[in-house]
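What follows is a pair of complexes built around chain A, which joins chain B in one and chain C in the other.
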Partner chain A sequence: MTSDIVLSVTGIDKHFGATHANRCITLTIKRGTVHGLAGENGSGKSTLASIISGIQAPDCGVMFKDGRHYTPETPLGANRQGVAMVVQELGVIGGLTAAQNLFLGKMKQFSRFGVVNVRRLLEAAHTAFAKWELPEVPLELPASAFSIEQRKMLELARALTNDPDVLVLDEISQVLSHDNRRVLYRFIDNFKAGGKTILMVTHDLEEMLAICDEISILRDGALVSTHDAADLDADKVKRLMIGREVSGHYYRMDAKADYSPDIVLKAEDFHVPGQIERVSFELHRGEILGVCGLSDAGIHELGTALFGLAEHRTGRLTYIPANTELKSAKDVVKTHGAYLSKDRDAYGLMLDADIHSNISLPNADRLSGALGFQNPRSLRALSEQAMKDYEIKSSGLEQHTRRLSGGNKQKVNLSRWLVKDLEYIILDCPTRGVDVGVKAYIYGILMELKRKGVGIILISDELPEAMGMSDRIMVLKDHRNAAVLNREADFSEERIVEVML
Partner chain B sequence: MANIKALRQNPRVRAQFIIAAVLLSLFVAMHFVSGFKLLSPGNVKLLITQSVFPAFVSWGMMFIFTSGIVDLSVGANCILSANVGVLLAQYLGLGYPGLILGTVLAAVALEQLTIFCAVTLKIPSWIAGLGMALVMESATTVGLSAYLSGTNILWLDEYRALGTFPAMLAALILGAAVSMLISDRTAIGCNIRAVGGSPHVSGAMGIDAKRTVILGAVIGAAFFGIGSVFQVSYASKFIPVAGLGSLSTIFNPLAVVLLSGSFARYINTSVGVLVGSVLVTSIFNMLTLLGVPSGTWQQILLGAIVVTCGMISGVHTKGVVK
Partner chain C sequence: MTRGVKAYMGDLVPLFTLLALTLFFSAATKGALLSAMNLNNILNQSIPPIIAGLGMMFVVAMGATDISTGVVVALASYFACMAVTAAGFWAAFPAAILAGLCTGLLIGVINTRFKVPSFMITLSFVISVRALVTLMLGIQTLQIAKPLRDLFNGWAVRLSVLAGLVLIVVYVFNYTPLGMYAKAIGENENAVKYTGINVSKVKIAAFAISGVMAAIAGVFTAARVGGVSTTLGTSFEMKVMMGLFIGGIPVSGGMGTKVSKLIAGCLMITLLESGLVLLNVSGAITQGVRGLVLLAAVYFARVVSLSIHNRAEAR
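Entry: the complex of A and B
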């Protein structure tokens, strides 16, 4: 008879230097369920998930899978015992094709005398996507050509090629847009229907409550409790995560758009071949202009292009107060503008540098003397102030950024721009991969910036976020501006999705 | 018919046609500039013959560089291993087996020493390569001087059939085919690119990075060895050099690797190496035909070609190339 319990962990403990990431965690996961792990950034969810997946070894504790002792020493060892994981940070190799990435380390099944049968490899890759109805990526193209969503889907398909009966998903939906999230949810239903189990880490509490059967809550590395999802609501989860009562409202409460008539940025016939089709808009002082669209609508490309990083851009982007045309990232920074990329780890932060270097980088020019010499004392003072003002939890300015939790990484990413006197900022999914506490904190910062008259372009994959924070929402469809919706008249999920589709 | 139309509309195929047309025009222009001598039958044979060594060294470098190792001892390796092969074939009477196996095995063993310094002793590969180049250059000079009492040049008088035209042409074609097969159609070729692309991800996929780098170096060094066999068979000697002079031996292959890498989106890299070798050889051949002095202006042009190839290879790279 098959036991109800597919996986159990007992007394799992893990330190990273002085940080106690997991404190004697004991929990059981039932077969054929979706089990959620909830907690603030730095609560130890990803560490526990990576221990279960063989990426990290615990300092002590034991695990059992299907009643047998489970000791995965490597991710490959976990795969062999039926556990696979899609990690939070992107893990595909740009120089290899999608098909090669999919079966990396497992090429032997397609090889004869060391020579790979490419036709069979492509067939198997096609089958891997088709079996779980995942959107297929171009199998013969190198992964470097893919969008962040395509790479995430490729990682999911790769995990599934191991035919796992326990799949660990660490914040996978955070990088997916509206339509691909639906694909993911359909996949989860199918996977579960086959008697298989998912361990899911997500900061989107509504998503977690909708998908999971059971939810375990972690705080400061320790397990607080495990509940049936049906017995929980978002406020209760937040309270358990944070350890105190928190407000149920993240978003602004006013129902009316409220911004100055003065224009800060004006885009006219903004065009990037294959990415943006002649988009025009105006951003006002104190306005939050949301940008939404389906996965391939071009919303993230718009952010990159506005910051001057896209090639072959045409049309005009003007900083109106000085009537300056913005052609490059340098022009944006000079006119007190800033940009936060969706892919924080790849394009936002220097992960192997310390917090001080990351914060001081965009401010180094400003704090340099007439001859270009920098004053280390003022740079350090700036970093210390940013750490304090933005409540970055770390062991100090010298801590490597890679070691920070997702929320604290994002605070570093944001703070280094916000310590400047900004006129406008382009934010691409600023709350991706951060917990409810940090999310509320970031929304608070946005409202503060809005009050100061800063123009904000908020590109978002989450409709509740866009609707909750924006004065107007520009909906892109097929790379074009399909509609601009107003807060007081048009903000409903049905209306926005109707325009998107 | 529909297939042909679809092929024409494929951007990669279109780019391949454009590149082929540009190359053809370039060769015709060089033929014209050289007074209609470049593409004369006799000279074409010479071009093919002289392209073999840079092509094989480039294929070898391709495997080693792709795995993330920047080895600058390749030139010294080729000189020393070729002399080992000549010594075994000519002076110790082992004939062709001695020449071929001796050169290839020596190249593999020497490359493994460099890789040992880089991977096991954790010395940055370019430093390990420079150090090993000095060691290999000195070992060649000292060893040959001691063996030959005074002179340090070993001559290959017999066993030179591999340096003749049909054999050299066959070598070029076979070399490209084998390189393509290993690079694109084998698990080890895929693993080499994976380790070079991301050691962390490939490690998580169960690929042993150290073993892959070592195997990549074995494959690369085998190409160096085979290239050296053809070179010494053709030129009858491989003169030892000192003071890192061996680095100049790899400038042509370096230009070829950079050039083929820059067109990797459109042309298979192994084929790109073949075409690039013939192109670079042809440029120098044309300069010689025009009477440009080989020690000065040709070297200046070689430097310019390496820099230009480097620039072309960075065209599609965003940010700073280090």
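Entry: the complex of A and C
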């Protein structure tokens, strides 16, 4: 029973303008399995997933589900034929309550004479979460009040209200923190146990290897091969994805903490009501200080607060070399500090502006002379240098940022700070949503900065990343600094999770 | 490089449209459009909206709205007239500018400190500042001093003030951080905030510039009509906005905001009005055409910008 085929696609081809996103892909997915799609950014994974979910129509090719012709013309059509998807971009409507979002488009069943029976709606919403043991979100609150993680859970629950037998998950765990990933994995096990099938797109290879039964690898829009997950390891997947040998390590190799005794940043009794509880720490020159914690421990809020953008902050943050207190984001930038938000598209880039404007923005003030004069030529030279130094692949400085791949967007985001000499940088999940190649590239940059003596705060949702790169890891628990662990002595997943919980 | 040229072509569209309109109406009116007297008229009517538009552009670039321009015109002209009577001829400009600056600063501070949307603040100003002017004026109409009127009747003064202001704004808007930040806020306010830029300061500055320019436009208007009445500048802000948006400046602001588009847009509406008047089209029809042209222009600007995007994407 487990070996029969639930979904097969044959000869799927898709063009976007001159881009050949899917090249004649033929693939079969077995019932009751978790099937992974691996590939670099732009390899066509998301396109294939969205074709299967009816979001886009292929140029040619046919699909079969349960042996019958499967032609989803819309996502709704796909739902009716038992396929549902949770997309990479967030798709909940902020002004509606969680319960309304959950049954969007299916309100009819709860309404009589045009009036919605709210009690029945809430009951059904409650059941939808309980059925799959998902952490319930506040059903009566508008979705705009939710964190990214809560929204993702809401989207997952919404997809499940269609009672699909094939569920497509596109990069769902990227935004989830350690504990919610566990919830997700438990859900996947339950779902699979019910004889249902999951098609999963993820950048996290470790995760993919751990939970998938079969993995198909795409490169440049074409299927390279499909394997049993048991026959693969991370290096092999990377090799297949990139098509050539890659070095097996991308984290740093030394097992010892190694940084200067000079302090760059010192936080004392750092406090933001409801977000951070009296956190103190020191950051040294050439140190990578990892920051880890469960989803609501306050690690991302710490980043925002350090950059001076939290309201009602108390306590002191001092830039030690000049002995200046940092009170605002401006002070941070003035002392050669920088900050990268976790949500690159919302808080980092101007997506509809060109690369040049994006790189110029944080450097405009620094490069302006008398009467605020900005020499267009020096700004241009700066952008060109950033493009070259950080190998940003684009059609030129005028290209709009929205159309860059995730990895190249992140390179733009990073390079605009790195083109100047930094003393310290606060990075919130810098490798979120980028492929293996760019990930390795960013780790390379971190090591280069470390060598130059830049102090780095690396806030991360991925324990392997934090352990792989940091000299010390500060673990936050319930908004407090629960422990600071050292690279030599305490770096193991068990030890960190123990402190987190 | 080719992409640069294409983006540049997008900026030229309003200028081409302006040229096409000129050719059409000169042909239709058998050259009457371009007679010396009519050109004088067109320019005369275009100068105040261009000047006010130079300021409003900073606000529009941020994706915000300032509809207080018309009442600032009345308020500033009132103070200009009073200052001329009290302290002499040259006090007109400082007095007007001060009035515009204070109004703009106040709008900016309310907007950033109390997070009231700019449209609502300026709407309330449209009502309350007009009331203030009415209170101060009573039922009288203030006459503007004759020397000031004479000064503004000379082309040399009008054109050199206009040219000076255009140059200053082109400089601030394109070659200083302030201009870049205003446009960047229109693209993504959070991205600006998260690069350590004080967004509130930029916003307050933008509203202040808008107020000052509206005040200068006010002095021009008052000089042309010869005085201040309680209705001076009524719905002037609509004319300025039409100039901005007919010129192809995106309603959401951002990097597509350009001085050249403003100037082309303002000339386009006066040209359109003047052409229709010369063709003996009734006032009501003229107004209807203006409204429809605005809609068409905003739609067209969107189509052009999208097609440039798409071509860039298709590589």
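Following the convention adopted for this analysis, the second predicted complex is superposed on the first by the 496 of 501 C-alpha atoms of A that agree within 3 Å, B and C clash if a C-alpha of one lies under 4 Å from a C-alpha of the other, contacts with A are read in each partner's own complex, and residues count from 1 in each chain.
Keep in mind that, in the parts below, contacts are C-beta pairs under 8 Å (C-beta built on N, C-alpha and C of every residue); 3 or more make two chains touch, one makes a residue touch a chain.
Keep in mind that this is a model prediction, so the values were computed, not measured.
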item: Partner chain(s) touched by A:395 [first = chain B, second = chain C, both, neither]; value: second
item: First, second, both or neither for A:116, with chain B first and chain C second; value: first
item: Touching partner for A:322 - first (chain B), second (chain C), both, neither; value: neither
item: Of chain B and chain C, the chain that contacts the larger number of chain A residues; value: C
item: Touching partner for A:108 - first (chain B), second (chain C), both, neither; value: first
item: Which of chain B and chain C A:141 touches, first, second, both or neither; value: neither
item: Contacts of A:230 with chain B and chain C, given as first, second, both or neither; value: neither
item: First (chain B), second (chain C), both or neither touched by A:332; value: second
item: Chain A positions touched by chain B in one structure and by chain C in the second; value: 309
item: Of chain A, residues touching chain B in the complex; value: 55, 74-76, 79, 91-96, 100, 104-108, 111, 114-116, 118, 309
item: Residue numbers on chain A that touch chain C, as the complex places them; value: 17-19, 307-309, 328-330, 332-333, 339, 341, 346-354, 357, 360-362, 364-365, 368, 371-374, 376, 395-396, 398-400, 403
item: For the chain C and chain A complex, residues of the former touching the latter; value: 1, 3-4, 7, 172, 175-178, 180-181, 183-184, 187-188, 190-198, 254-255, 309-310, 312-315
item: In the complex with chain A, residue positions of chain B that touch it; value: 181, 185-188, 190-191, 193-194, 196-198, 200-202, 204-207, 318
